[in-house]
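Structures follow.
There are two complexes below, and they share chain A, which is joined by chain B in the first and by chain C in the second.
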Partner chain A sequence: MADSTPEARPSLGAKLQALNRNALYLSLFAVVSGSLILTHLTSLQVPAQPQPCTKDTYTLLRNIPAGDTIIIDTGATNSTRGENGGEMEAVFRIAMRERLRFVLYTWQEPQCIEIAKGVIAKINLERRTSNPPEPEYREWDDYVILGFFPDGGTMLQTVASNIRDAWAAKKEKDPAGRERSVFESPVLKNIHRVEDIRAYVNIAMSNLMPTIVARVGRKLPVISMITGVMFPEQLNYYKSGQLKGLINGLVGTVELETLMEKGIDAKGEVGGHAPGPPVAAAFPGEKNYARGMDYYFAFCCAMSLLIVAIVIGNVGMMLERRRKP
Partner chain B sequence: MALTLDDPNYHFLKVTAGALATFGMYSVLYKETKIYRFFEHMFLGLAAGLSLTLLWTQTLYDLWWGPLVGRTADKATEYGQNGAWAWVLVLPLAALAYTIFSKKHNWMSRIPIGLLIGIGAGQAIQNWFNQYGPQIENSIKPAIPTVWSRFTVPDRNGLPQAALDNVNNNVYGSQAINNLIFLVTLLCVLSYFIFCTEFKSKLTKGMSTAGRLMLMVGFGAIFGTTVMTRFALLIDRMYFVWIEWLLESLPRMLHR
Partner chain C sequence: MRELAQLAPPTTVWTAHNGSTLLWVEIVAALILGILLAMGLSRLPIRLRKPIVAVVTFAGGLYFVLQYIWPQAQDYSKDEIPRGTVEGVSFWLQGTLPTVTNFAQVLGALLLGLGISSLLRIHISQLVKKHKDWLFSLTLIVSMLAMLVFGYWDWLSKLGPGAEQAVAANPHIFPNFARDFLFDGLFINLDAVMYSMIAFFIFSAAYRSFRLRSIEATILLGTALLVMLTLMGGVLVGWDRVVDAVGGGGGGHAGFLENFRLGAIKDWVQDNLQSPSIRAMEFGLAIGGLAMSLRLWLGIEKGVSN
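Moving on to the complex of A and B:
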């Protein structure tokens, strides 16, 4: 018994490798909560350097002429609001400020439309209460909601060959309350072929690009706003030119918000002042930093904590290996 | 007092319910308790009910019921539509899928499933090249520079079209190095997946091993982005609890 007592006491290396799980969770919650509150109280802004795929996204969206129509295919739910929520807010803000008309639908989950309606209402409230007030975006005149399509692949196949056939049965109420075909609305009345749509923006939690680019990718520019977990997989589509823009989860959202704030000048510099028409102009004086920037400092702190935890574990392992003969 | 959707009290109640559900779901980190079970089942019930409702209001009503029953002409727009009774035939066809639960009649479920598989297969044949063609095409890259007087790619911004075309059509030294790295990686990874023959030479063995290592690097990057996504989800929930619930919704209700 007397011999075994010193060995029963764990070494420092062993202790470092066996930190209490609940303590780790608690420290993560504390770090995230503290940094979120700090960001909220001080309006903290962490600098971001936009990647080329984010710049391409912003440049494409920013240069679509006012009054033209884009498709927003949403897959944002409350479960991925941390990434898709910020992406969706940013794309709605850009579309509304540029007076782009949009078609909203989902083939990912039925609840996505309800989530998107909430975001549109929130941004409309911002516009109503801004100084000077901006006009609200109105269903029918500025956007139409086509709802949920259970078989997106077949729907997109039909959209690619005959967009009017694909959505022929879809109806919306006009401002007078009459139910009419969506093709009578200002959003779609001039759309006869899928090529008349200026961009297809897909906000998604999983990789839907095989379905989308295969069906409509050759007919109109496709932009993917994806969660970080799917970003490496979608880089193939961006590098091969099948995607004209790509947003990488929360990091991409912050980059997009940075571009909305600073713009891209004539020389391609973010926030630069080179003479000549900018590649993609900023939206000065507007609410550009939003959900992405609200989360970004907490994200950086959480990642730092993770790195510290990995270092502690590895130091523990090295100590343990040195101790053993 | 009746609550309206714009009422701060209603908003606070709604957000409080969300915060309680968040606490309930996260309680599983400590251990699986009845509280976690309660919120898990509540979530499943709500999701199933909501999906069923939205399936009717957003999909079946427009795409099936509307064309089936048609509509009377609107006096203002004079827009009417005859009902197409044939749409009723898809109902028994779709209902056949539920015969899968009967041992005796489950063969009938193969009819709608077969139709769906046929549609999918037809689309797959047509779309395969659209999906992979550009990626295969993009994998064939030049590894020898066409311009030796300059190593890096010139700045494209502000160039006239002729100069821009010239830059785009040439391969500069830095591009050639990138392309070479890409091609070596591609060949090594592809060689790892050749299982029909045994590699005996040092070169092919080395390529296969290097391919495996490069795949591991790729998986590591994917794992890293997965962790980032999970953190983003946690941050969102904490934002909901601390900012939307306690710092925004509660004061708004109290200072009404």
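Moving on to the complex of A and C:
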């Protein structure tokens, strides 16, 4: 004889503990999409409190004299564009506004250079269409691209020993279209030793920084711009002084953009007005809040949703525990 | 004329110019030599191959160990004559490093080629044998070839004086348009989509796993919540305003309240719990890595010795 007893309906606690997975996915999709659209429509700005490591990064980059050269070692791909993409845009903007020259290369993924070229083109377009228009950043005169190094660790060891030998085979086209050694370009013509470079900025999604610090860290200041998940590991290097600056993923990018907007005054206050020369001046009237701030509200909403989901699950668990004898 | 001739360095096999016939001959010769060497090595019996691999590994390792520990000349110049053995070795190490670096780059690039050939071998074989997922293999091969063809076509179209500017002025030139469509339009967006899907799994996993089941789980949950809250600038600033409002006009009471700023609590957790733990793990990993490197270098690791 078939059992005709109706199945017990699940309690509220059990229901709260087993929310439908698709409903969770849908809620995340709706919240993130909605907040991104809202940010786009209203140019929403979420306040940020810059951490000391972000302040150090900005102070270092902001105080390099115009015309000096830095290295930008990019590992930004579109898989981490929410974090590395914003970091890269911010560092390019700072470099271009201060008229810093830079050497761009990657030893992380061959596609990184193509991604970086796209970002440079985007910022150049912004500069061209700004009011008043600003001069574009030009390859050869303002920056050189060294391409992809399959074995970056060995290359960096040679850079530390003799930078001219390390990149001796690298050539770039000058404005006339002639292929010439990168050391004839305005970017590298005055660079004879690695110490002549003012900073090494590594934008990465993985932990390549220890190799960089070990090879060149004693000869020039190294700044690491990484994804949030790598931040706790690299914080030790910052605390020990081996890293002179550190940017913590999307949050760090928003902090950097906040510093570009507000600056650091003579007393070290963000956005303060203390008399005296500022520790790191702002870029007033420029487009400072960019990709970082574009994603930040969506990120905060996603975090809030995550907290709400965790609370719902735990409330369900407690209700269920109370119900059972 | 002899004085003038000294201005331009003579062309040797090591300094062939870009695009010259000599360089192409060298590339082809090196490729054939490399293939023959690899084929020869793979056909050798294992007992003969092992010592060759071990000796090459040891020599390569020794070179880089010496780079670190051997005294280096501060301002080394290729024209200087060394005084004594120590300086001689130092000069040799510094002088050969660029060549070794270039060799390492070429070797790394060849490994990329090896990866591509291996990928193609597997997927072409799956396609030919009509394996269960042959459609995926076909997609991969077609995508790879399309990117290769249009990537190089675009690159070639930008060679020559003024060509790059012409492409920039008219981005709808076919090879440039096709390359942009494939790379900027498809590839990088698919890349972003693949990674952003992780957010959904993290969300679902966090909802199911972050439960107050035990004391350890409660500590973990509390720390995770603290980290999440401090990542939200609005919460951080708002919380601090509340602390400021409660603290009022300053003094000892306000000083004590400073400890309850979210950032201060997070910093305490980060500096006293998180960072030391990670540091300890890093030390352990580094010692393990050192031991592993030593085993590889000395040829006693299983993969080398067997």
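Note that the second predicted complex is superposed on the first by the 318 of 325 C-alpha atoms of A that agree within 3 Å, B and C clash if a C-alpha of one lies under 4 Å from a C-alpha of the other, contacts with A are read in each partner's own complex, and residues count from 1 in each chain.
The rule is short, and it goes like this: a residue touches a chain if its C-beta (ideal position, glycine included) is under 8 Å from a C-beta of that chain, and two chains touch if they have at least 3 such contacts.
The model shown is predicted, which means the values in this text are computed figures rather than measured ones.
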item: Fit or clash between chain C and chain B when superposed on chain A; value: clash
item: First (chain B), second (chain C), both or neither touched by A:19; value: second
item: First (chain B), second (chain C), both or neither touched by A:217; value: first
item: Contacts of A:166 with chain B and chain C, given as first, second, both or neither; value: second
item: Which of chain B and chain C A:135 touches, first, second, both or neither; value: neither
item: First (chain B), second (chain C), both or neither touched by A:46; value: second
item: Partner chain(s) touched by A:284 [first = chain B, second = chain C, both, neither]; value: neither
item: Partner chain in contact with A:67 - chain B first, chain C second, else both or neither; value: neither
item: Partner chain(s) touched by A:294 [first = chain B, second = chain C, both, neither]; value: first
item: Partner chain in contact with A:241 - chain B first, chain C second, else both or neither; value: first
item: Residues of chain A contacting chain B in one complex and chain C in the other; value: 25, 28-29, 32, 79-82, 110-111, 114, 149-150, 154, 157, 169, 171, 176, 179, 228, 232-233, 236, 239, 251, 299, 302-303, 306
item: Touching residues on chain A, where the partner in the complex is chain B; value: 22, 25, 28-29, 32-33, 36-37, 40, 79-83, 85, 109-111, 113-114, 147-150, 153-154, 157, 169-171, 176, 178-181, 210, 213-215, 217-218, 227-229, 231-233, 236-237, 239-242, 248-251, 266-268, 274, 276, 279, 294-295, 298-299, 302-303, 306
item: Chain A residues touching chain C - in the complex, by the definition given at the top; value: 19, 21, 24-25, 28-29, 32, 46-49, 77-82, 110-111, 114-115, 118, 149-151, 154-155, 157-158, 161-162, 165-166, 168-169, 171, 173, 176-177, 179, 228, 232-233, 235-236, 239, 251, 254, 296, 299-300, 302-307, 309-310, 312-314, 317-318
item: Contact set on chain B toward chain A in their complex; value: 29-30, 47, 50-51, 54-55, 57-59, 62-63, 66-67, 71, 74, 76-77, 79, 119-120, 123, 127-128, 130-131, 134-135, 137-138, 155-158, 218, 221-222, 225-229, 231-239, 242-243, 247
item: Interfacial residue positions of chain C with respect to chain A in the complex; value: 18, 64, 67, 72, 76, 94, 97-98, 100-102, 104-105, 107-109, 111-112, 160-164, 183-184, 187-189, 191-192, 194-196, 199-200, 203-204, 206-208, 210-213, 221, 225, 228-229, 231-237, 240, 263, 270-271, 274-275, 278-279, 282
